[in-house]
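By written order: A, B, C, D, E and F. Residues from 1 in each chain.
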Amino acid sequence: MNQPSTASRKPFRRLLLTGAAGNLGRQLRGALADWADIVRVSDIAALGEPAPHEETSVVDLADRQAVTHLVEGVDAIVHLGGISIDAPFDDLLEANIRGTYNVYEAARRHGVRRVVFASSNHAIGFHPVTEVLDADAPQRPDSLYGVTKCFGEAISRYYYDRFGIETVCLRIGSSFEEPKNPRMLVTFLSYRDFIELVRCSLFTNRVGHAIAYGASNNPVKWWDNTKAGFLGFNPRDSSVQFAERFQASAPSATRDDPAERFQGGVFVLGEPMERGR
Amino acid sequence: MNQPSTASRKPFRRLLLTGAAGNLGRQLRGALADWADIVRVSDIAALGEPAPHEETSVVDLADRQAVTHLVEGVDAIVHLGGISIDAPFDDLLEANIRGTYNVYEAARRHGVRRVVFASSNHAIGFHPVTEVLDADAPQRPDSLYGVTKCFGEAISRYYYDRFGIETVCLRIGSSFEEPKNPRMLVTFLSYRDFIELVRCSLFTNRVGHAIAYGASNNPVKWWDNTKAGFLGFNPRDSSVQFAERFQASAPSATRDDPAERFQGGVFVLGEPMERGR
Amino acid sequence: MNQPSTASRKPFRRLLLTGAAGNLGRQLRGALADWADIVRVSDIAALGEPAPHEETSVVDLADRQAVTHLVEGVDAIVHLGGISIDAPFDDLLEANIRGTYNVYEAARRHGVRRVVFASSNHAIGFHPVTEVLDADAPQRPDSLYGVTKCFGEAISRYYYDRFGIETVCLRIGSSFEEPKNPRMLVTFLSYRDFIELVRCSLFTNRVGHAIAYGASNNPVKWWDNTKAGFLGFNPRDSSVQFAERFQASAPSATRDDPAERFQGGVFVLGEPMERGR
Amino acid sequence: MNQPSTASRKPFRRLLLTGAAGNLGRQLRGALADWADIVRVSDIAALGEPAPHEETSVVDLADRQAVTHLVEGVDAIVHLGGISIDAPFDDLLEANIRGTYNVYEAARRHGVRRVVFASSNHAIGFHPVTEVLDADAPQRPDSLYGVTKCFGEAISRYYYDRFGIETVCLRIGSSFEEPKNPRMLVTFLSYRDFIELVRCSLFTNRVGHAIAYGASNNPVKWWDNTKAGFLGFNPRDSSVQFAERFQASAPSATRDDPAERFQGGVFVLGEPMERGR
Amino acid sequence: MNQPSTASRKPFRRLLLTGAAGNLGRQLRGALADWADIVRVSDIAALGEPAPHEETSVVDLADRQAVTHLVEGVDAIVHLGGISIDAPFDDLLEANIRGTYNVYEAARRHGVRRVVFASSNHAIGFHPVTEVLDADAPQRPDSLYGVTKCFGEAISRYYYDRFGIETVCLRIGSSFEEPKNPRMLVTFLSYRDFIELVRCSLFTNRVGHAIAYGASNNPVKWWDNTKAGFLGFNPRDSSVQFAERFQASAPSATRDDPAERFQGGVFVLGEPMERGR
Amino acid sequence: MNQPSTASRKPFRRLLLTGAAGNLGRQLRGALADWADIVRVSDIAALGEPAPHEETSVVDLADRQAVTHLVEGVDAIVHLGGISIDAPFDDLLEANIRGTYNVYEAARRHGVRRVVFASSNHAIGFHPVTEVLDADAPQRPDSLYGVTKCFGEAISRYYYDRFGIETVCLRIGSSFEEPKNPRMLVTFLSYRDFIELVRCSLFTNRVGHAIAYGASNNPVKWWDNTKAGFLGFNPRDSSVQFAERFQASAPSATRDDPAERFQGGVFVLGEPMERGR
């Protein structure tokens, strides 16, 4: 692990970001510099050159010892690591189940008090598109990937009730540069709003164990964040500016297909995969 | 039935509008031109000259055969037809009960998949003005007219559960040029917002069987559309600009009169009428 | 209308029973003798010889004038009349919609203060068999017949809110001598329990507008009457004694068929019928 | 009691403001001039020179006879009087319990129909900061002071149900010139928004017995006023402009201390006090 | 205070019973002998000769010093004391408000951990007789007496949240030898069931702050104790045996009178009284 | 795998029981003989001699290929297998997470349509003992073991929503010969009632994805099975006969210890364990 050269006075002394080489990890990596003297970034993939304030660490989250080491000395964890698409169960099990256990158990051992956990809309993707969900909506995973996110929500609840480690579970929609299809006009979370949501999750003095949906202020709403109002997340972006790309059309002939009926979109069509074939 | 001369490429091939000669029908008639190649407009009253893209048809909705013919070949129906004020039950029965049955049964026969149904706030008008209702509020009709709207909501639910015909029930407030009395400062739905609400109801890819309230973004709110958020209806107008016409006053001596106590206003004072006297 | 010869002192002076010649009407007809000095029984079919305490009247409920006359002088109405199976809409409209309106409007004119209305489980038959419903469950009619029962619930609500006429809507299950199929093990309402439910509905001093489910104390429960506890209905019978007739079996191959999935059973398979063919 | 010199035509003839010498009373005193011909202001403390439209009256609310006299002839009451911080129970009992009873009982005797009652967020201060409350949240007083506000909510409910006297209970947050600590970024109610909330509570034609939270449109929300939407209160201010004063920081080491865990803040740390020692 | 002569081994060392000379206090006084070595009984009225295991103490609950002394050394308190009918507010204030504060404050000072508080159905008596209430039903006091019971529920909640003193609030119905009128067929709580309810409230290892309704297993139910299931209260008696005394009758002409419409019965007709006249 | 000699006509052709050598598996093994021609019993431990109607198979549920083979040809699965106490996470992961995935994936491949899954009260054990839970209560696992049961509930939901495989999740209390401590007076599920609960779960024609609590009809109730009423589970036993063994006592000094505060009992005190040390 490299060592950052200097450390000025910022709100956090040291933050850990897992999954730093992924799509969202790359977005967040820069922002964390403003919030912590030292940012420890980690991924199973290459992380590039560390900035002066950064510590980089290539770690497989399924490696308990490595994770224990990784978590040492941090004030809070933004846990984006793991597999973020559907994948063979054995892979998901290592990265998202064993990996998340390892992160929480390391947090417990080292006295870390706050985790921001990247859950996913796919934990509730089998709810129909004609329902509006709030934080109390029951889990309806739309894929094995989604099932592992339900696991993450459950284990983080346990570490909160038993050990007082707070977690905000972010049921992130579609966080990309811009919406790529009509469904994403609903689920779009701009990078700026994503970063703001993580900021609120880290800086709110007390969060308990919270569920928050991650979507920008889009015209169509499937999710109602009223019960997470104590986080102070007020998205500033909207998918409305991208709406014209997806030309208004009459309801499609395929509107009864599962991928159109359920919030999870094409995820609900996936099937369990075999590994390595 | 006259025939439209040309048909360019618009989202819908052919839309049917019932009640096209009424107050709201006249507002909507123009807007539909942008959404469909052919707009079939219908009413029991005279409809004037058809525009080039229009088919006009004077039909009594209680006439099953005529309605069956009317619905043939349309992609979706905006059903505003029927009686929209309190009236003798026998008249309401023909126009709103038999008529609505005829529309749905014709839709089933011809494979129409979407109806936008003009329900009314009078389906819930016996709720007090000190309650805020959402889509799950129980029906409380304030008049026989309101009872027939409850019937429409029930039969449309049946055609959805049994035959998959989707309906958005619009519990429309007071859609006029401008509010005419203090109550309408709450229930006001501008024509522009009304048209937008119909647009959302037609273009949302999947709506199931939905209940949506029709009010602009007025300062005082009796209705909460959160559960219809998947429609993407975000009103742009407000009654606030008309507020000064209805001078602020202390609570009136008549505030305990039923017309002041219940959301339905003077409707709650009506009594069943005899026909044709 | 014949005249009863004598009238001793019973709780009610005169009760009206509509639908007295039907399956449930025949059961109730005898019981009413204990509750009222005079029992006025009515049906569109023949009613047989009146007992000494009875007034009989063959009436088509769709005939307003006849119904107005029928209701004159009664203290309360047990309204079982109308069509109690699926039927062509035009028939249902006359018997169940116009007929029920006529009953309530006559009640209003003659100052009757209480109606016991035979609604039906088919007003909520499109709820799945894996849900337990209480009085607040939304209507989900499973047939046009069920839609007319929804109408009855709505119009009775109106007459209560507007004119103070109280109604208990009985969502009756399957009231027969004994269950005829496995579904009826759930929906069975013994005749004795049915009579008791009507008794509670008539004698409870104040009922407002209530929804009560009509089932005996069967082992499997789809309906929860907790919210109607103020009626004091405590069924004494159970379908358990008939269970062995319907041999325990593994889930059937047809368990995903609509008639097995929804509480309404085969009603959910019906289609709108044409009259008189 | 002095007499105002003139009386022009304003919505109310005469309004009574109790607690007029307190922090919020001083804010409101001016505003009332626009709403009533005569403003009767009262406090246990000195009230200064009356304006031409004012009647001033120094009254101990625990003095029944004085309160009866005070209330005579007024159209509505804004009841801010009493003790608004934690205090010995015997003092709270006189000012907030006996005093509030006296106000309602005088209102009943003199036929006053509307009271705006300053309840407090301390009636619900033992709810955790990770919950968002609406009007149906159960009372959780955080202090004996909060308990007396619960009493006020209960007695006002009684006077509404029994005598029809309407009340809006305002669960006021922190209404000061500006937020004084991080907690007040959540609970801040600007003076302007406070006055608007009282205005809505007085001028809405019918309010029944309502619970409304008093907070500006702050970024972090603990309270959801949706169910009070019929009041038309739409705050215009926000604490966001003051946020930078309370520098963003990582969750504090004391975040598990009761004063950080519960909405009531330091109130939850208080203990019953003895009087006059 | 007299001293009991002996003390064998029973679950509690010393229990305090307030209101021991009242109707329910007299019932309970005997039962407590089985539960505690020493039973301290107290009332403002004469208590008769103490049994060998008893300490008697005539105390005015409004006398703080006396109450502090009274509570010293007890393990738990059954607080039935105070005024249990409607009365002038100044009397209710002393006995039920100041008195209950005194009891809780004394409990805090002496480290008492459990109180069983006799609340009353009159805390919720303005709910209509056509509703079934559970522990979450909002307070609707039907009298000033009921308002003081709401106060007791609020202050006991505070002492639980702040100091961990557990309370079971018993919303007692009508606990007499037998029902005295038709309403009591619903609200009847036999003495045996009352004693059992207190027993459950004392012996359940952990109760937090609970609301439980006190009624026997009567045929008609206004209250649903499901949420208090953790107390293990299963009433064994029923009013059914007394039903024939109150002859079945048609709904009375007075069914719309408030005393028939609301659960509180004649209490809802009371008016605030002046003291000492 | 041995082969049963004969196969008479019973409701099921072949049932699979996993965990057959465990405490509950041994109870159920006999009962299954009445329900299926062939009972395939499986465990990781020795299973003893097969009865004539049995197929025995010693299988590690974490072995995918073995499980795929095990599930072939069965009509339904009673999945009790896995670890049923707290254990090192790596062990729980193999047995309860990978194992349960293997069972569902094998069910999918072989077209099995029904699973009865032994979840546990430890999936909700961090709810306080002063709450009564129903099927919609959020998960609050009290241990890593409980977390793996949450996983099982989530993955079974997925296999139902995606592939239509029905599951009843049984949140089993304490199923032993008799209660072993005071807590088990609440959580006790007699063997007879356990078998009945499994029977209902297997024989109910349609169950969807259901949550049912497994407790006998004990005097104290933490769980409310109303929403699972469609299963027809009506326990016949009660812990009441064992109550005297656990002598009634005053609340213990330790009532605030977590093991007394939460439904999970001593499970809430456990800590993550390391494997094999």
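Please note the rule applied: contacts are C-beta pairs under 8 Å (C-beta built on N, C-alpha and C of every residue); 3 or more make two chains touch, one makes a residue touch a chain.
Given the structure is predicted, the values throughout are model-derived calculations rather than measurements.
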Tell me, which chains sit next to both subunit E and subunit F?
C
Quote the value, from 0 to 180 degrees and to the nearest 5, of the angle by which the CA atoms of subunit C must be rotated to coincide with those of subunit D.
180
Listed pair (D-E, B-C or C-E) duplicating the E-F contact set, over half by residue number:
C-E
Cα-centroid distance, subunit A relative to subunit E, in whole angstrom
52
Could you state the distance in Å from the CA-based centre of subunit B to that of subunit D?
42
Going through subunit F residue by residue, note those that touch at least 2 other chains and give them in order.
none
Can you give me every chain pair that touches, using the contact definition above?
A-B, A-D, A-F, B-C, B-D, C-E, C-F, D-E, E-F
In the complex, the residues of subunit D that touch subunit B are 11-12, 75-76, 113-114, 164, 166, 202-208, 210, 226-232, 234
Can you list the residues on subunit E that touch subunit C in the complex?
128-132, 182, 186, 219-222, 224, 247-252, 255-256, 260-261
For the complex, give me every residue of subunit C touching subunit B.
89-90, 93, 97-98, 101, 105, 108, 126, 136, 138-144, 146-147, 150-151, 154-155, 157-158, 161-162, 268, 272
